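My structure is below; once you've seen it, I'll send some questions.
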Amino acid sequence: MNTGFKIDCIGYGLFAAFVLLVMPWMVDFSGYELNSYARYLALGMVAAALALSWGTAGILNLGQALTFGVGAYIMAMHLKLRASESLPGGMPDFMGWTNVEALPWFWQPFHSLLFTLGAGVLIPVGIACLLGVFMFRGRITGVFVAIITLSLMLAVQLWIISEQRFTGGENGITGLAPLNLFGWSVDTYELSFYYLVAGCLLAGLAVGLGLVRSKAGLVLRAIKADPERVRFFGYDVARYETLAFATSAGIAGVAGMLYALVLEFASPTYMGLSISLAIVIWAAVGGRESMVAAALGGIGVNMAEGRLSDLFFDQWTLMLGVIFIAVVLFLPRGIYGLVATARDYLEARYTERVAMALNREQDDAARPVADRGEVK
Amino acid sequence: MKRRDLLKGVAFGGVAGAVSLSGFPGIWTGRGTVLAASGDIPVGVLFSQTGAVAVVESTLHDACMMAIEEINDNGGINGRMITPYVEDPASDPATFADRANRLVRRDNVISVFGSYTSASRQAVLPVVEGQNNLYWYPTLYEGRECSRNVMYGGAVPNQQQQDFVPWLKENFGGRFYLLGNDYVYPREENNVCRMILDEIGGEVVNEEYVPMGHDSFSSIVSRIRRDEPDVIFCTLVGDSDVAFQREYRSAGLDPDRMPVASLTRSEVEVAAIGGDAAAGHFSSAPYFMGHESAENERFVEAYLRKYGDDQVTHFVNEAAYFQVYQFKAAVEALNGEELTPTAIRDAAVGLRFQAPQGEVEIDANLHTHLWPKIAQWQSDGQAEVVVESDERMAPEPYWAYEGQVCTANGLENA
Amino acid sequence: MEAWVNEIFIGISLASILLMVAIGLAIIYGTMGVINLAHGQFVMLGAYGAWLLQTQYGVSIVVSLPVVFLVVGLVGFVVERTIIQRLYHRPLDTILATWGIGIVLEQLVRNVFGSSSRYVARPEFLEGGYIILGAHASSYRLFIIFFSLGMLAATWYLLFRTEFGTKLRSVIQNTEISECYGISAKRVYALTFAYGAGLAGIAGALITPLVSVTPTMGTSLVVDAFLVVIVGGVGSLVGTAASALMIGEATAWLSYVLNDTTGRILILLGVIVLIRFRPQGLFPDTVRR
Amino acid sequence: MAALTLDALTVKFGGLVAVDHLDLQVRDGELRCLLGPNGAGKSTTLDLICGKTQPTSGRILLGNQDITNLPEFKRARAGVGRKFQTPTVFKDLTVIENLEVGRSSEPGILTTLRVFRSPVRGRMKEVLGLVGLENEIRTRAENLSHGQMQWLEIAMLLMQDCRVILMDEPTAGMTVQETSQTASLLRELRGDHTMIVVEHDMTFVREIAETVTVMDQGALLSEGSIEAVEADPAVREAYLADTGDEAHA
């Protein structure tokens, strides 16, 4: 438990330095790229959220984009209402076109910023809790979890597209007002906005790391290895799995809210099949075992995508495909695996040297350390 | 992880690292392709080359690039070359926004030509409006938008339907079956269609939407068989349109008694449907490949020569083509004044250009006056124009909304 | 009455397409535990194969099937040998690798053939249709129904009545013991994967007259096929057929009574409930362990 | 008083009756050995007690509490611990992490979310000493020897501090020396914990057993001291009928 804690802190610190200093430095702390980078951070955050459920608890959520998208829609609803204040009934334009008489009740509370911010976390968490209880009480695991989460996401996406009167349909919710955060009008191209996103990402990671490094996280890692065995120690496995699943959903919800802010619209493609699989791939490239590594994977792949698409135009998809295959084949634990293996190797060498030194000192006077596994 | 894997991994990571570190950090921000020489005119070209929408959008890209090349080959605009900055938004709205951002904010283009779907246009809007740039959008769309930063080159509902719906009622009867993909455009077109039908005494027997990309139409065809409408008023796009028309054919329905009247079907879809299955049905659009005019002959000939005989021109890539010439005319009209997106926009209003479909004109509301046509598809995959408007039709993006007018000052409520 | 018969026929017809696409997937998933997300792209390759043969050499779809089967099978073989083979002990990772393979195949096809949507004509002798019990049945759809049953039967025969099938089943049961008896597990797996890919190719060629042929056509197919395989039960051919039929009929009826969107949403929710309460599938396990 | 009572416990798998109206009482602090030929239903009985398998009929009482219909984790909380035949420790976790998972007196999320350290003192230290793993606390379980893994699992059960420990062949795969160390470990635990041990190794059984229960074909065959059981003709017959490897019993 506390073994990995120090290493976590170092990793987290380095990551924070990268996000807070190096990335803005790369663009001289200004310019439109900050907006792109903020977008990458939001995507890195959702990759980290997936790593929490997948890497820690072994729950492969192929519908991670569902809660991400829900978060984005929640933020967009608030901003749309603010943009529609001057329209008849304060109703979004797309509702007026489809002859909606009055603002529907489930839109009403999104006038409030506080409600919106709370809902952006709690609604995804609520969805995940319900789905988690539904699945994990039935001891659904592995590929079945993947299929269920994927199917649910596709169903919700279809529903959102078809209920155009209330959701904006295929176009999503567009034409948003800028966010006014307690008097601070957010400009998404400013350094301050970038730091807002970075702060949320680091906070989300801190929450996740806290969970992973607590005893609850230890139990989750045990569940990943052998859920059956954990039950016989008296842990309610379904509840633990739901905990990881819901925390992951909450972080994804925040990431979604930020994403809608960055792009200034919400679209049903945010909860689509391709982004969901992309999230899995980002986490795999970075390393699913560590949230920080997964976030780095999300940021790195998207940065690379931005660059490759610039250099190689439409052939970048081909290159990305090849890179993914190569990572899966040669780096099964992602980039994190490289670091971890190197670390373990060094650690083993060090222990070996210490042990040898000890042996020499003790010589025949004492029995070798390795033989001491005896019952008194 | 085994030792051998580790070594492989290190090698792999090392190469990736070496690539990414060279020129750090500039490599993350600079542009790969050639920068515009001073004096050149930078424009963005933003059509998907990959992803689901690439089927249509790649042809818009081709037409747009051809126009740019033609202009440059003929000495550019007032001697200045157009430098196209090309991006591939991969059919994804979020990527559209990101790439538009790059074009407008990094490459400092003074106009962007791009996109096919409404969703992608709306994704780009915050970017071009935020920077007061100019977006040339060639596609027919649902109207009721009045941005001062978008040049709308395609038809809006009144331009496609005002002549078409009464003509259909006259020739086939007034019982319409409305069928479309589930998104903004079909719903709005059907809304307009209902209004026209109300006015002229027709009726809607059914109105139905299927998800984008949906390709099994058996149930719908059996419902059509049940309802026996006079006209199937169709706003399906892409794969759905193809699958539907083939299903219609194999179900043995008769185009003479129950034709499909489409607002979205162009030569692209017909090529995929197959001429036999499409023959006898109707489309309404301002342009068809088979339209007879000297300008069109030149356009089609040049296009096929450049991109191959199996390609087609259609009402969206025609607009993608002529919009570049409208841009050229606007820049010429500025006559050496400073080139800014707003100046180009203001200079473009009222300009006329002899497009392949006929002489088009840009309205003060930034939409385009077009020449509506009704055509019947033939088994060779071409459309034969059966009705041709004798005057340019004005674009009224808020036609269906009483009291709302799109003017040079933006949306006005009367 | 007519409407009833009609909907039943439509359901069977949808089921036959699902089945064609799903059989190959079921074989690969059932025997090797590989979740092959590139399956849709194998289908797409088959469709392009049929298109190429028709436009270049004027070959009808039906005639092109053996060529398509062999070529796509060969692609599958190469993919298995170079990539999948290294992943048998990490089944969930195959999701990632095969998704990457899918991306690569899609882009390669786009590079070679372009993004346009392609047209393939149905064979002339399958034009037209029949009236059965008052319902309209197109001959091509009837053909596909029978062909898919044929594929099912051939696969069953291959698995349970041939030496290769025996070897395959013994490898699935116990790889080590089989190897002691001189069966090369690697070879058996590679051939099975190739066979599954070949079936996908055939399915792709046969659906060309119904849908449009584009580089992106595979993605939506693979999701549906996967639902069919999982609902049917891992490794069970009968289960795959039954679940294809169930989903096909449910789609037909729900889209007839309600509409296509609601129908699809309900199917997805139904699949979720089925998996939750019957994760072993409709007909669990006849081949695997 | 009985720590554990089985009352006409029966389970059928399809047509096969794996455990057939089994009655069993184990005293508090007793070390009970469960013997029987292959397929006698010994492991299944343990599965039934710990909740891995649900009985078809009959009751299981832990003290006075009826645990027949409780899910596994609630039985564990009530005080049933299980050691499996092959050592089932968490191989990716270190020794101390395994033990921390084992320390499950407060298994609720609200508690575990607030625990961040597992200091080696008190009970943890004691147990580590008992099984001789105090020098391996940072070793990942997969790097332990087979015998150490078995002890680790026993140690986890000790951390769990359960009233009744069910052990399925705790010496399987151990060397002679390791086996005798295990025997002395079990003797030490006797009294504080109630234990049911399934074992084939008769030498080991003789070393530890007080009372022995013999099962055959799912039913109780004989019960008593080791000598009495070995003298029972029914037991001899059952083992002779079994062509398996325990004929020496």
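Going in written order, the chains are labelled A, B, C and D, and every chain counts its residues from 1.
Simple rule for what comes next: a contact is a pair of C-beta atoms (placed from the backbone, for glycine too) under 8 Å apart; a residue touches a chain by one contact, two chains touch by 3 or more.
These numbers come from a predicted model, not from an experiment.
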### Query
Which chains contact both chain B and chain C?
A
## Note on the structure
The chain whose C-alpha centroid lies farthest from that of chain D is chain B
### Query
In angstrom, rounded to a whole number, how far apart do the mean CA points of chain A and chain D lie?
42
### Message
Using mean CA coordinates as chain centres, what's the gap between chain A and chain B in Å?
### Response
36
### Task
Would you mind pulling out the distance in Å between where the CA atoms of chain B average out and where those of chain D do?
72
### Query
How many angstrom between the C-alpha centroids of chain C and chain A?
33
### Query
For chain B, which residues are shared contacts with two or more other chains?
49-50, 182, 209, 211
### Message
Among all residues of chain C, which ones touch two or more of the remaining chains?
### Response
107, 261, 264
#### Entry: Residue list for chain D, restricted to those that touch at least two other chains
none
## Note on the structure
Touching pairs of chains in this structure are A-B, A-C, A-D, B-C
#### Entry: chain C to chain A touching residues, read off their complex
35, 37, 83, 86-87, 90-93, 95-97, 99-104, 106-108, 111, 219, 223, 226-227, 230, 261-262, 264-265, 268-269, 271-272, 275-277, 279
### Query
In the complex formed with chain C, which residues of chain A make contact?
60, 134-135, 138, 140, 142-144, 146-148, 150-152, 154-155, 158-159, 161-162, 273-274, 277, 280-281, 284, 315, 317-318, 320-325, 328-329, 332
### Query
Once bound in the complex, which stretches of chain B touch chain C?
49-52, 54-55, 58-59, 182, 208-211, 213-216, 218-220, 222-223, 225-226, 238-239, 242-243, 246-247, 250-252, 268-269, 271-274, 276, 310-311
### In the complex, chain A residues that touch chain D
1-3, 5, 211, 213-216, 218-219, 221-222, 225-226, 228-237, 239-240, 243, 369, 372-376
### chain A-touching residues of chain D, taken from the complex the two chains share
50-52, 71-74, 76-77, 80-82, 84, 88, 90-94, 96-97, 100-102, 104, 107-109, 111-118, 129-133, 135-136, 138, 145, 147-148, 151, 156, 160, 181-182, 184-185
